[in-house]
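Notes to accompany the following structure.
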Amino acid sequence: MSAEDWQLIWFTARMAALSTCLVLPVGLALAWCLARPRWRGKALVETLVSLPLVLPPVVTGLVLLTLFGRRGPLGRWLYQQLGLDIVFTWKAVVLALAVMSLPLFVRAARTALEEVNPLFEQLARTLGAGEWRVLLTITLPLARRGIIAGTMLAFARALGEFGATIMVAGNIPGQTTTLPVAIYSSVELGVTARPWMLAGVSATLAFLAIWTSERLVRRPKGLRLKAKG
Amino acid sequence: MREGLEASFAKRFDGGAVIEICGLTLGADPEITVLFGPSGCGKTTVLRCLAGLERPDSGTIRFGEEFWFGSAGRHPLPPQRRKVGFVPQDYALFPHLSVEQNIGYGLYGLPARESRARVAGTMRWLGLEGLEQRRPGALSGGQQQRVALARALVTRPRLLLLDEPLSALDAPARLRVRNELRPMLRRLSIPTLLVTHDRAEALALGDTLWVMNRGKLLQHGLAHEVFSRPADLDVAAIVAMETVQPGRVLKITDGLATVAVGPAILTALALDVQAVAEEVYVCIRAEEVILVKGPGSPSSARNCLPGTVCSLAREGPMVRAHLDCGFPLAALLTHQACEEMLLRQGDAVSALIKAPHIHLIPRAG
Amino acid sequence: MAAWVRLKTGLTVIPGLLLAFGAGPGAQVGWVLPAQAGVPLLPALGTGPGARGGEQAGNRHATVVVFAAASLTDCLKEIAAWYEKKTGDKLVFNLAASSTLAMQIRAGARADLFFSADEARMQALEDEGLIVKGTRRSRLSNSLVIVVATERGAEVSSPQDLAGPRVKRLALADPQAVPAGVYAREYLRRANLWSAIQPKVVPMENVRAALAAVEAGNVDAGIVYKTDAAISRKVRIACEVPRQGGPLISYPMALLVDAPQPEAARRFLEHLGSEQAEAVFRKLGFIVLRSSVP
C-alpha cells in the first residue's frame, strides 16, 4: 500500500472519529428522551431519528446538500454570517457521517438506558441526588456497556458511509475522499487491484468494530444488576 | 400541627386496584411501626408514596410542619428533599460502586474528611469493617442488608422506611438477622416504618402494628394485641388465626361471656361483646391450646373441651393437631410433647384454653 | 433542479452495473457469433438506408441501447424523439461520464452503441476488441468554456482569474478519467495554470454534474462544454477556451461487438450521420466535422 493509501485510511478514520464525537452528545440526549415513558411527540421524534437508517443514503445526502449548499437555508446563513463553507469540504464529510450513524447509536444507547433498573435512580433520589447527579453517577455508568457498543457501531457505520458522503462532500482527493469513495472511483477508473485492497482494509476495520461492539453488549455471567441474598 | 408522619391518600392503578389510606400516623418517637398485610395488598406502594417515588392521586402526606404531598397549589416535595431513608426489598445496592461508595452516596455535599468519618462510623456500628472496597455482588445477604441500612442511615434521615427487610434472605440468615435487627433499630432513635407479610417478623420487630388488606388499613394497635384480638374477620384471616368459628353468646356474668359453638360451650372474656344472644365469631390461636390426654383434671383454664384427634401434621419442630371438639379446633404443640404423650390419630384428648385466649368478634348481620 | 440532474446522471451508474451483471457468459458467446460470421458492415455514410436490402423485416420495433457521454443528453433526446416517431424503433440512453460507460461495457453491459466524448475511451475499448471494426466514426467536436453562475457569480474574465482569490472552488468533470475533465486539465496545463488551480478543483462525476454544481452556487466557477453552458439559464459563459491552442475535442461513436440489436443499431448509427441529425447537433452548439475519417 502506498503512502497515499495510508493517508486515505487515516483521513477516513479521523473523519469517522470526529463524526462520532458529534454523535455522542446529540445521540445521548435523544436516547435519554426516548427512554422516558410517553411524552407528546415521542413517536414522531423516534421516526425521524430512524429515517436515515431506511432512507436511501443518496436521499439523505440530497437533503443535506439542499440544506447546507451555499444557497440552501442553513448553508446560506452559515456562509454569510460565519464564512463557513460546508459542502464539498471535510465538514460535509463529518456531517454526512454523523447523520447516517446517529440512528444506530441512538438505538443502542436507548436500549441500554431502558435496561437500567429505575429503582437505582429512585434510590439515588431518596439519598438526595439531583437529576443531573443521578444521570451522571447512576444512569450512565450502569448503561455504559450499551453506550460504548453503540459508539463502536456508529464509528463502524461512519467508516463505511458512501451514498450521502459522495452527494454532499464529493470526491476531492486529499480533501473529502474517504475509503469507500476511493474504492468506488478506483472501480470507475478501471483499476483492478487497488479497490480490492482498500475493500479488504474497509472490511477488516468494520469487522473489528462490530466484533468489539458485540462482545460489549453480551454481558458476562458474573455481573448482575440486582443484589441477591 | 402534630409531630411525626400523617398520611391519608388514595391511588388508583390501571387494572382497577385502588389504595385508600386513611389516617396512617407515625409518632415522632423513635418506635418501630409495622405495616402488616398479605402480598399484593399495596404495602410497598404506600412506602414508595411516602418516600416520594410514586405520586398518589389525591390526599395529603405531612411530616411535622412540612407538606410532602397534597398542599393545594404546590408541587409535591421531591424525594431529594424529604430526608427519608429508604431500603427496598432487594436492597438495590449500586452494583458499580464499592461498599464505601454506596454508603457514602448520600453525603455528597460534605467535605471529604467528614464524609469518610461518618461512613467509617456507620460501618463500624453495623459491623461492616473490612468490607469497604468490596462490590455488592461479593457480599452475603446479611451483609448486603446491613450495607443498605448503612446507606440509608448515614444521611441521618428523619424517617426510615424498610420494605420487607428480611424477605431477600434465606431461612437461616433470616432468623439470625431478625434477632440482630430489632436491637439495632431500637438504638437508632429514628421513627421507622417497616413493611412485611411475615407474621413472625411483624411480631418480633414491631412495637405498633397497622394491618392492611386490599389497599385499606384495617386495624391499628400494639403488635401482640392486634394478633390476639383481631377487629374483624379480615384481620383475623390476615393474622392467621387458626380457629375461627361462628358462635352465639348465651350469657354474660362478671365480665365473662358464655358462648355456644356448635355443641360445645366456651367461656371467654366479654370485652367487645355487649349483649346476650349476639352472634359472634370465636377466634382461638393454636398456640394457646393445651392438650391433655384423656379427661382433664381441674385446672385454671376455664375451658376444658373433650375431643378427638383428627389429624397430626409435622411442621419442623412443631406438630399441628386438628381436633374435633364439637367444632374444628387447631392446636400447636412441640413434636417432643407429641412423642411423650404418644399422641396418635383418633386419640381422645381434652383441649384446655384459658378464657382470655378466646377472642370474640361481633358478627355484623 | 440542478441537484436533481446530478442525482439523475449519478444514478445511471446503477442501471449500468445491473446491465453488466445481467449479462451471463453464455449470452456473450451467443452474441459474439454474428460478428465473427462477418455480418456485412455499415455502408459509407451519406447513402440512405436499405443498402442491406431485406434484413429490415426481421427487426421491426427493436429497442436500441445507446451509451452516450453526458454532454450529449439534450441533442440525443431531440434526435431520438424524431427517430422513434419515424421508424418505430425505441431508443434507450445511458448517459454518464464516458469513463463510467467504458467501464460498464468492459464489465459486460448489454449495449448497442457507444458514443464517447473522447478518443482515448473509445480506443481503450477498441484495443480490447469490444468495437465492431470499421464502425467507428468521429464527426463531432465541441469547445470548452469557463462558466459562472448568472446570479451572484464570481468575477471571472480570463482564465488567469481562476488562479486568483475570487475563485475558491472550481468544478470539473473528474480530470483523471472523464473526457471533459481531461480536456480541461490539458488546457490548463498548456496555459501553465494547472498547478495553481489543482488544489481548488472539485472533481465531479460527469460534466453535467459540474454544470449543476455551478448552478447551485456550491462552487465559484466550472469548466464545461459550450453546449452544456448553452442549455442552462443559471450559468453564463465567463470566457471561451479558443480552439487553437486548446485540446482537440472529438466525439467518436461506434457499434459494440456484443450489441443485442446490431441491425437496428446500425440504422441509428447511420442516422446519426445524416443531415437531419447534424442539423440538431449544430443547433445545440456542437461542431460538426466535415471529415468522416477518425
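A, B and C label the chains in the order they appear, each numbered from 1.
Definition applied: a residue touches a chain if its C-beta (ideal position, glycine included) is under 8 Å from a C-beta of that chain, and two chains touch if they have at least 3 such contacts.
The model shown is predicted, which means the values in this text are computed figures rather than measured ones.
Chemist: Nearest chain to the global Cα centroid?
Modeler: Centroid comparison flags A as closest.
Chemist: Could you quickly compare A-C and A-B and let me know which has more C-beta contacts?
Modeler: Answer to which pair has more contacts is A-B.
Chemist: Please report how many Å separate the Cα centroid of subunit B from that of subunit C, as a whole number.
Modeler: 91
Chemist: Quick one: subunit A and subunit C, Cα centre-to-centre, how many Å?
Modeler: Centre-to-centre distance between subunit A and subunit C: 39 Å.
Chemist: Where the CA atoms of subunit A average out and where those of subunit B average out, how many Å apart are those spots?
Modeler: Chain centres of subunit A and subunit B, defined by C-alpha means, are spaced 54 Å apart.
Chemist: In the complex, go through subunit B and note every residue touching subunit A.
Modeler: So the residues of subunit B touching subunit A come out as 48, 51-53, 78-80, 82-86, 88, 90-96, 105-106, 108, 136-137, 139, 141, 144, 151-152, 155, 168-170, 173.
Chemist: Under the definition above, what is the set of subunit C residues touching subunit A in their complex?
Modeler: Against subunit A, the touching part of subunit C is residues 3, 6-7, 10-11, 97, 99-100, 102-103, 106, 168-169, 174, 176-177, 201-205, 213, 216-219.
Chemist: Quick check on the complex: what are the subunit A residues that touch subunit B?
Modeler: Residue positions touching the partner: 117, 119-120, 122-130, 133, 137-138, 141-142, 222-229.
Chemist: With touch defined as at the start, can you tell me which subunit A residues reach subunit C in the complex?
Modeler: Contacts found on subunit A: 58, 62, 65-66, 69-71, 85, 87-88, 167, 170-173, 185, 187-190.
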